[in-house]
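When the chains are written out, they are named A, B and C in that same order, and each has its own residue count from 1.
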Amino acid sequence: MHTFLDMSWKTILEYSRYPVAFIAMFAQIFLIVFMFIFATMAFRAPGEGLANHATFAGVMIYGTVTNLLLSFTLWDVGFSIREEQVRGTLESLYLSPARKFANLVSRVFVVLLWTGVMCVFAVLVVAAVVGGLPFDNALLAAVVLGFSISGFLGIGFIFAGLTIKLKESAQLLVNGVQFFFMIFSAQFFPFAALRSISPAIVDYVSAWLPVSYCVDAFRSLLVGLPAGYPELAPLSVEIPIVVAFGIVSPAVGYLIYKRAERSARRKGNLGEY
Amino acid sequence: MEGHSHGFGLASPSWRANLDVVVTVLIARLKVISRYKGSLVMEMFLPVVFAAMPILLGVAVGGANAGQYFQANTGTSNFKLYMLIGACTFSVVSIMLWLVGYWIRREQETGTLESIYLAPARQVYVLTGVTIYSLLRALLAFVVSLVIGSLVFGVNLLEGNVLGAIGILMLGLLPLWGLSMLFGAFIMRVKEANSVINVMTWVVSFLMGVFFPIAMFPPLLQWVAAIFPPTIMNDAMRASMLNLSTFFGSWYISLAVMFAAALTVPLVGYGVFTFTGRSVRRKEGVGQY
Amino acid sequence: MSSIIKVEKLSKTFESKERKKGQRRKLKTVQALKDVSFEIGENEIFGLLGPNGAGKTTLIKCLTTLLLPSSGKAWVNGYSVLDEEDSVRASIGCMLMGDRGLYWKLTGRENLDYFGALYHVPKAVRRDRIDKLADLLHVKDFIDRTVETYSSGQKMLVAFAKSLINDAPILILDEPTVTLDVPTARQLRTIVKELNESGKAILYTTHLMHEAEELCNRVAIMDHGEIIAFGTPSELKASLALDDTLDLEGVFPAKAVEAVRALSGVTQVAMKSKNGGKTSLSIISKSGGTILPQIIEALTHNRATIEQLRPKSATLEDVFIAKTGRTLDVDTRQIVVQRGEPGGGP
C-alpha cells in the first residue's frame, strides 16, 4: 500500500511538471469532438437541427469515452514500460525492492483519474453543442464501465509484457490495436453503420471482441435503451460477457506480464533499448 | 592570424560537395526508415482508418440518404472520396510537420544534433536532404493511401481531374514546408514539444476541414481557415477531383492565393527558423534538450 | 611554436528563470566561463583538467561553435569562432563527453559515411578512410552492425572514429575514456599519442589526473570557470616543491580535521569520503617530516583513527587541492549571482 501511494504520488508529480501536456490533452479532446460534430453536421438532412440527433450524439460520445479509456490504458499502462526502458530507468526500478505490481497499479490509478476528467469534459462539450444528452441507467452503466475498465487494464498489462519483448515494435502494435478497436468495436459510431458496409464484419469480427460488448452495453444503457439498442446481443447476454471480461482479463494480463518480465530477467535484456 | 591548410573542406565546398551532403542525408534517412517497415505500412493505412470514421458516422446519421444529404451540405454526394482526399491530404501535412518541423528536436532526442552542428556542412543542405526525404515519404503515403482507400471504399479515383489535384498538391507543398519551418522554430523554444505538436496537428486538421467543408464554420473562423495554406490546398484538391467549386468561388483566386503563399511562407518560415536557431545557440547551445 | 588555438578573455554567462515555492520568479545567472585566456601550439597535446562543473565542456562548446560566448574571442586554426564558423568546424575533429551522436538504426560504417559527407570528405576517400579507421581502432568486427547492438564502449570507439573521419589538424576530445574499460582506455590513449606524433594538435579534457600526466605537454587546471593553474605537469608539480603531501585513511571527526588545519605549517587539508564511513585526508604542509608528530597528535587527541598513512610525491590533483582546498571528484557549483525579475527591484 505504501509503495502504491509513493508511486502514485511520483506519477502525479511527474505529470504535474508537464502542465502544457495536461492542457494540450484537453484541447485535443475538444478539437476531436468538434471535428466529429462538424463531420456529422455534413450528413444532416436539410433544415434539421442537431437536437434531433441527441441519441446519436450520445452513442458517439459515450463510445468515445470507452475509446479514451482504452487508449490511455494501452499507452499509459502498456507503453509505460517501454518509456522506462528508453529512459534507462527500467532497470533501476527493478533493482528497487518496490513491488512491480504496485508500480503498475499506481500508474493505473493516476491514468484513470486523468482520463476520467477528460471523459467528463468531452461529454459536457457535446452536451453543450447538441443541447443536452440522454443520461439514463447511470448506476448500471457505471457498473458496466467499471468491469470494462478492469478488462481494458488486462489488455494494458498484456501490452506492458509485450513491450518488454518487442521494444520499438511495441509502439506500432499499440497503434494498430487502438485503430483495430476503433473500427471493429465501433467506438465512434453505431454497429449499424458497420453492418451496412458488411454484416460479416459485425458477425465474425466485432461480435467476437469483448471490447465490443463493453462499448455496446455502456452506451446503450446511457442513451436509455432505445429501439435497436443494444445492437449486438440482449443486455442479459452482454452484461455477463462484460463481467467475465472484467474478471478474467486482468488476471490473464497480469500473468502474461509476469511471464514476459521473468523471461527478460532470465535473458538479461530488461534494460535493452 | 594565419590559417593552416590541413585536411579537407577548408576552402568553400564545391556544389558537388554540397550535393553530396543532400544525397547522403537523404539516403541515410531512407535507410533508417527502411529498418522501420512497420511504421511505413502504418503510415499508408492510417489515412484510410481516419477516413473510415467519418464515413461510418455519416452512414449512421444519414442512412440510405447519406449521399443525398451530404450533397445538399457540400455539393457532392461522393462523401467517401471527399473524406478520403481530406484524410490523405492531412497525412501529407502531418508527415511534413513532423519530419521537417520536428527534425531538430528529433536530432536532439537522439543526441546527433551536436554532431551535425560540429560539421562544416551548411544547415540548409542538411535541411534540403531532410525535406526531400519528407516529401518522398509524404507523397508515397498519399498515393498509396489513396489507392488503398479507393479499393476499401469502392471509389473511382479517376472520375475527376487527378492530374490537377497532384499539381495543386505540389504547389501546396511549398507553403507547407514554410509552415513546417515556423513549426520547427516554435518547437525549439518549447520544452513539452510532443504535446504541443499533437494539439497543433489536430488544430491543423480542424482548420483544414479534413472531414467537412469550412463553409460550415462561423464566418470569422471561415476566413481564418481560408488563408491557411493547407486548407486552400485541401479545398482545391477536392474541387479538382470532385468537380466542386472552391471556397473562393473561382479557380484563379484559389491559385493566386496558393502562389502568393508559395512565394512568401517558405521565406518567412526559413528566416524565423534560422533566427531562432541562432538565438537558442547563443543562450543555451544546440545540444540542450 | 605558433598557436593553432588562441583564446582571449572568453566568458560565458547562462541565464535561467528559477521559481521556488512561495517566492517570486528570479533570474538566475550562472557564469560558466570567466575571462579564460590561453594558447595551444601546433603538435601539442593540451590538457584541460578540472572537476565536474569547472567549465571545461562549456569552453569546448565555445571553441567548436556549438555555443556562442558572451564575450571575448577565440581563433581555431586561424579562424574566428564568432565570424568564420564553417572554417572552424572544418578544422576540427571533435568527440564530446558521453557522445551519443550516432544514429542507432544505421551501422557504424553508415554513420561514419554520413558524417564524413557532412565534413565534405569525398566519397572515395571516405570509403578508404573508414576502412583504415576500422583497422586502427579494432572495430572491424562490429562496424557493419547497427549501433543499437553496440555496448557503450563500442559506441565510444565509433564516436572516436567519427572525430577522425575528416583528418582535421586539431582534435578536441572531451573526456573520451569516460565509459571505456581499462584496456580500451589505454588503447585509446596510445592512439591519441600516435595521432599527435603524426602532426595533430589535441585539446584533451579529463578529470583523471593520471591521463593528463601521461598525455599532456601542458595542462590548464580549471575551477569555477577560470584557469587557476597553467603549465607543464612537471612545472605544476614543482610549484608544490616546498610543500609535502601526506595521505591518510581512517575515521576523522570534524574537530580533528580543524585541529590539523589550525597547525602552523599546514597549507591545505582536503577530505574525501570513502565507503564504510571512512575518509581519506590529504594534508599539504611546508615540511611534512617535521610536522608529522604534531599532525598525528592533533588527530588522535580528537578521537581520530588512522588506518593508513603515506607520504607521496605531488600529483596534479595535489596542485588542484593546493589551489582550491577540494579534490577533483567534488562536483562544483558555478558562481551564482541572483537578481530579482527585471524591473522588479533587487
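Going forward, a contact is a pair of C-beta atoms (placed from the backbone, for glycine too) under 8 Å apart; a residue touches a chain by one contact, two chains touch by 3 or more.
Note that this is a predicted model, so its numbers are computed, not measured.
Student: Drawing the touching chains as a network, do you get a line, a ring, a star, a complete graph or other?
Tutor: Contact pattern: an open line, chains touching in sequence.
Student: I'd like the most central chain, judged by C-alpha centroids against the all-protein C-alpha centroid.
Tutor: B
Student: Rounded to a whole Å, what is the gap between the Cα centroids of subunit B and subunit C?
Tutor: The computed centroid separation for subunit B versus subunit C comes out at 44 Å.
Student: Between subunit A and subunit C, what is the gap in Å from one C-alpha centre to the other?
Tutor: Inter-chain centre distance comes to 51 Å.
Student: Measure off the straight-line distance from the CA centroid of subunit A to the CA centroid of subunit B, and report it in whole Å.
Tutor: Result: the chain centres lie 29 Å from each other.
Student: Which residues does subunit A have that touch at least 2 chains other than itself?
Tutor: Expected reply: no residues.
Student: Residue numbers in subunit B touching 2 or more other chains?
Tutor: Residues 36 of subunit B each touch two or more of the other chains.
Student: Mind pulling the subunit C residues that touch 2 or more other chains?
Tutor: Correct list: 104.
Student: In their complex, what parts of subunit B are in touch with subunit A?
Tutor: Residues in contact with subunit A: 36, 38-39, 42, 45-46, 49, 52-54, 56-62, 65-66, 69-70, 72-74, 79, 190-192, 194-196, 198-199, 202-203, 205-206, 210-213, 216.
Student: Would you tell me which residues of subunit B are touching subunit C in their complex?
Tutor: Of all residues in subunit B, those touching subunit C are 1-4, 6-10, 13, 17, 20-21, 23-25, 28, 31-32, 35-36, 110-112, 114-122, 126, 278, 281-287.
Student: Help me check something: in the complex, which residues belonging to subunit A touch subunit B?
Tutor: The touching residues are 18, 20-21, 24-25, 27-28, 31-32, 34-36, 38-46, 53, 56, 59-60, 168-169, 172, 175-176, 179, 182-183, 186, 188-190, 192-194, 196-197.
Student: Spell out the residues on subunit C that touch subunit B in their complex, using ranges where they run on.
Tutor: 2-4, 6, 14-15, 42, 61, 64-68, 75, 77-79, 86-87, 89-92, 94, 96, 99-106, 110, 113-115, 117-123, 125, 146, 162, 166-169, 199
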